[in-house]
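In the part that follows, the structures are each spelled out as structure tokens.
Both complexes below contain chain A, partnered by chain B and then by chain C.
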Partner chain A sequence: MNAYLSYTIRRLVLTVPILWGVFTVTFILFFIVPGDPARLIMGQHRDPAMQAAMQKQWGLDQPKHVQYWGFLKKMVVLDFGRSFTTKREVTQSILQRLPATAVLGLPSLTLGLLLGVAAGLWSAMRANRAVDNTIRFVTFSLVSIPFFLLAICLQWLFGQHLRILPISGYINGPWGWLHLVLPVFAMTLGSFAGLTRLTRTAVLEVLTEDYIRTAKAKGLPELVVVVRHALRNAMIPLVTNLSVSVAGALTGAFFVEAVFAWPGIGLLAVDAINNRDFPVIMGTVMFGAVLFVIADIVGDLLTACVDPRVALK
Partner chain B sequence: MAEATLTDRAPAQIRRGYWRDVWLRLRRNRLATAGLAYVILLVLVALFAPRVLHTDPIVQDLEASKQPPSLQHPFGTDLYGRDIFARVVHGTRIALIVGSIATLVAIAIGVTLGGIAGFFGGWIDHLTIFFYSVVATFPGLLFILALTNALPPAGEPRLSKVYLAIGLSSWVGMCRLTRNLFRSFREQEYVLAARALGAGPLRIVFVHMVPNMMGFIVVALAGGFAGAIAAEAGISFLGFGVTPPNPSWGVMVSEGRSYLQSCWWMIVCPGVATLLAVFSFNLLADGLRDAVDPRHETL
Partner chain C sequence: MSTQIPHAGPLLDVSGLTVDFRTLAGPVRAVHGVDLAVMPGEVVGLVGESGCGKTQTCLSISRLIHPSGRIGGRHILFEGTDLLQLGEREMRRLRGARISMVFQEPMSSLNPCLSIGEQLSEPLVLHQGMDWRQAGRHAAEMLGRVGIPEAKQRCREYPHQLSGGMRQRAMIAMALICRPKLLLADEPTTALDVTVQAQILALMLELREQTGAAVLLVTHNLGVVAQSCDRIYVMYAGQVVEEGTTAAIFGRPEHPYTRGLMRSVPRLRPPAGSPDRLESIPGTVPRLDTPLPGCRFHSRCAYAEPRCSSEPPEVRAVEPGHLSRCHFAGQLDHGGAPR
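Here is the complex of A and B:
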């Protein structure tokens, strides 16, 4: 346990410069470029006095390096300041939107993982047969279809054509949870496809190992061989790729939230970029970055957990 | 599927006929060949169709609004009476421009940075790893959107911003791959031999090492096209990429969304165009992956 703890601490320390890098890049991309947020927010009704007041209020009139240090110092204590447009605390807005995104992301990642492992396993067991070809074709198509198109297709089929599910908006009312079905379905398909392909490749690789032949030779049924012997080792790449799955789900969330008008963090970020709402952009970028970093560390810890050959260093 | 007999040759012969072998292996893969055929069709359409086709994709004709597909308008017309066929054809051009430039930018950055890091090692290597870790940690879509926002000229939508942003944000995979490959190449005899003969670093990298990873580059090229086309359609759909009235497939899907019930052709035509393009580039990439590296197990 001690090895895990010290590894985690070391990884967290190494994360600090990377998060600093993400912060700096975001700052440069939004703050060094010309174009005054105050002016953008006022739009048509521009009033120089008010613009100056807004600039002063947000500290936009100060030199860039002063602004940079100000933001950086506050960010260390997770304070991103207030939104330029809604005037709300950014951390508050993100925390408020978090459940909406989590309620899409967690079930779809879990479902995608379960279904993906099952389908990948089945596919590998029947390699190059009809089942395998079908699964490969379906997952290949799913990987190729742009996410927003997939979401729109589902929305049209179930919401507008069959009229059995609500097409957009957040959970409300007694049957409100039905609003969850389509967005979760869309995101599940996304993670399902990738994980199926990963599982299939991993299982096929493991199936050529000697210990699988031994297991078969001693007369174990095929299913037992595959589930108890092959799957265990085939899980390793799945666990290692946890951060990739999380990053994929996060990108998927942007499009799914946009298509289904789902008030999650993805929609918050897209609106913020539209409005050049710098504090919110910084908040959502850092949120995504931290999520990725955590998934990466957890993935590596789990890999060490399931694979004794991997040493934590 | 790769045949073992093709690979069991003397090294000299492999060197001479490598691309011929790749081509033969690719041709045996029917799906990949279909993908390649569609890709060639797309390139031809992008190059020549706008010259042959005399329908303007942008001029509005409000009298002809929302017409279903007919002989005159094979894909129907949109809300402003613009011919959707002409728009999809011109959209092919946008998709391929974005795909090619974004992919070339990404591969150029990835191979150069990864090559330098893998070849020299040391602090340059550490710096490069730090660099790509930052970009990999940045939420992907937000990075593209932030770049489109930041690229000059500020506030003006330009196609160049779209492909540069996609290219500048998608080099990490190529960089990591090149770095790891170069680290293993560095230890091999042919590099040692070249160095013993007095070759400088530039010559070793470009004459001896890069040709050894051309296979990977070709695969990344096809895969990058698929990714870039999907990314362009995606960010244009969200309203950050190509702006109306320019006929990007993503813009058309976004415009057609409100008329999904009444005018299906407004969304189905550009949607299917995007899907087929991404699909065929992916098929080609998958086929190439098997063709350039026969040991690789097909997905």
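Here is the complex of A and C:
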């Protein structure tokens, strides 16, 4: 356990330069892309004096390096400043919206993982038979269709056509959970498809290994061979790439929240980008980066748990 | 069940065994009518060049060939039961309990993610209904018996922490842990260092004596069969070409292929007058995906006569228990001299 702890600490230290890099790139991108946030807020009624005042208030009139250091210094203590548009503390907004995103992301990631691994396993066990071909066709289609298109199709089918589910928003109350169904479904489909394909490939590869033949030679039933001897080894590439799955889920959340008007962190980010709301953009990007880095570390720890050949260094 | 009745006669009786594969290039008959018998407690060698079908013969006895293959034949009788007629369930009950296997690659034949103890315990839990604790104790004891020091500690380790020889010892322990009646050992020592080979072989034979298991020992090393086997089957291109006691096969080989194999064994002290160069059989094994009229060995045979290329030879008994698949079995030394 000690090895795990010291490994985690070392990895956390190493994330500092990564986060700094993400910050720098985001900063540069924001100022490369043309468009002045103050000008955007005023819309049709352009008033140069007011525009200058707003720029001054947000510090946008200062030299770039001064702004850079100013932001960086505050960010170390998790202070991203206030939103240009809503004037609210960015950290506060993110924390406030975290539950909405979690309530969407955690169930769909869990469901996608369970269903994806199960379907991938089933597919591999029946390789090139009807079940496998069906699963492959469905998941291939799901992976190929752009995510937002899928979400819109679901809205149309269940909301417009069948009229059995609300298509967007987030309402408290006894039937509020109904609003969860479509977005969770859409997000689950996304991670399900990718994980099914990953699992199928990994299991098929492991099934050709000599130790699978050894397991069969012991007289073990097929299910035990597949679950105890194949799945465990097939999970190695999956947990190693946990961060990739989480990154996929983050991107998914981004689209799903936008399409379903789900008031989570993804929607916060989409709105911020539309408004060129720099502090919020930076806050949400850094939030995503931290999640990704944590997933990466957890993935490595899990790999070391599953694969005895891997030693944490 | 028939396994309870004391069974006289062979433990294993394979008759007319065929193994066919469908490949992209067309059908391949890897095993072509093999007859083979193993008596209880006997050590039987199966030798031949690479690709002659030794592994497929072995695997089809426990019905573990690749799914793209088909096993055919008259019967595979094990303790009087025809394995070809058994359902998958009954077959599983035999595997690991009464018929065990040891494979060539100790590196890849053990699961890298399960501890040695777990892997050794599995057959006990499955076939003898032990709980994992009890099975773990037996596993450690068995590991000790195959000469692995600090067996308790080793049980907790994983395959990558053991040397190749240790792993093969663990494989043998695993195969014998349920005291099977038949051990199918497919080149158990080929992947090991020469020095370790002899130890592993000795260990296998010692344990065999203790447990009374019969062994079908697959190898292409004639030295190994000479040391350890009671009887020998020589395979060529999917067929058994000669069968006999070790003394008979080494003393009076009656098939030209067997003679060729013997000559290709390096000798420490070559008999006076013989060339000290290693004499391998010229030519290559015929492809199995095309029909082979005549004797399968004729293109490489030093004794071949015209009829050999068109007329497939029958199996003939040279003496009781010594069979050869050659038109000139028993008269090689009197008929045409090798060209």
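As a working rule, the second predicted complex is superposed on the first by the 308 of 313 C-alpha atoms of A that agree within 3 Å, B and C clash if a C-alpha of one lies under 4 Å from a C-alpha of the other, contacts with A are read in each partner's own complex, and residues count from 1 in each chain.
Heads up, the rule we're going with is that a contact is a pair of C-beta atoms (placed from the backbone, for glycine too) under 8 Å apart; a residue touches a chain by one contact, two chains touch by 3 or more.
From a predicted model like this one, the values you see are computed outputs, not experimental measurements.
Engineer: Of chain B and chain C, which one touches more of chain A's residues?
Structural biologist: B
Engineer: Report for A:136: first if it touches chain B alone, second if chain C alone, otherwise both or neither.
Structural biologist: first
Engineer: In the overlaid three-chain picture, which partner chain does A:209 touch, first (chain B) or second (chain C), both, or neither?
Structural biologist: The second partner, chain C, only.
Engineer: If you stack the two complexes on chain A, which partner ends up touching A:156: first (chain B), second (chain C), both, or neither?
Structural biologist: The answer is first: A:156 touches chain B but not chain C.
Engineer: On the A-aligned overlay, A:201 touches which partner chain: chain B = first, chain C = second, or both, or neither?
Structural biologist: The answer is first: A:201 touches chain B but not chain C.
Engineer: Using the superposition on chain A described above, determine whether A:270 touches chain B (first), chain C (second), both, or neither.
Structural biologist: So A:270 only meets chain B here.
Engineer: Any idea which chain C residues touch chain A in the complex?
Structural biologist: Residues in contact with chain A: 62, 64, 92-97, 100-101, 103, 105, 108-115, 122-123, 126-127, 158, 160, 171, 174.
Engineer: Under the definition above, what is the set of chain A residues touching chain C in their complex?
Structural biologist: Residue list for chain A touching chain C: 209-211, 213-221, 228-229, 232-233, 236, 306-309.
Engineer: Which residues of chain B touch chain A in the complex?
Structural biologist: 130-131, 133-142, 145-147, 149-150, 152, 154-155, 226, 230, 233-234, 237-240, 250, 253, 257, 260-261, 267, 271, 274-275, 278-279, 282-283, 286, 297, 299
Engineer: In the complex, go through chain A and note every residue touching chain B.
Structural biologist: Of all residues in chain A, those touching chain B are 17-19, 21-22, 25-26, 28-30, 32-35, 136, 140-141, 143-149, 152, 156, 160, 197, 200-201, 204-205, 247, 250-251, 254-255, 258, 269-270, 273-274, 276, 281, 284-285, 288-289, 292-293.
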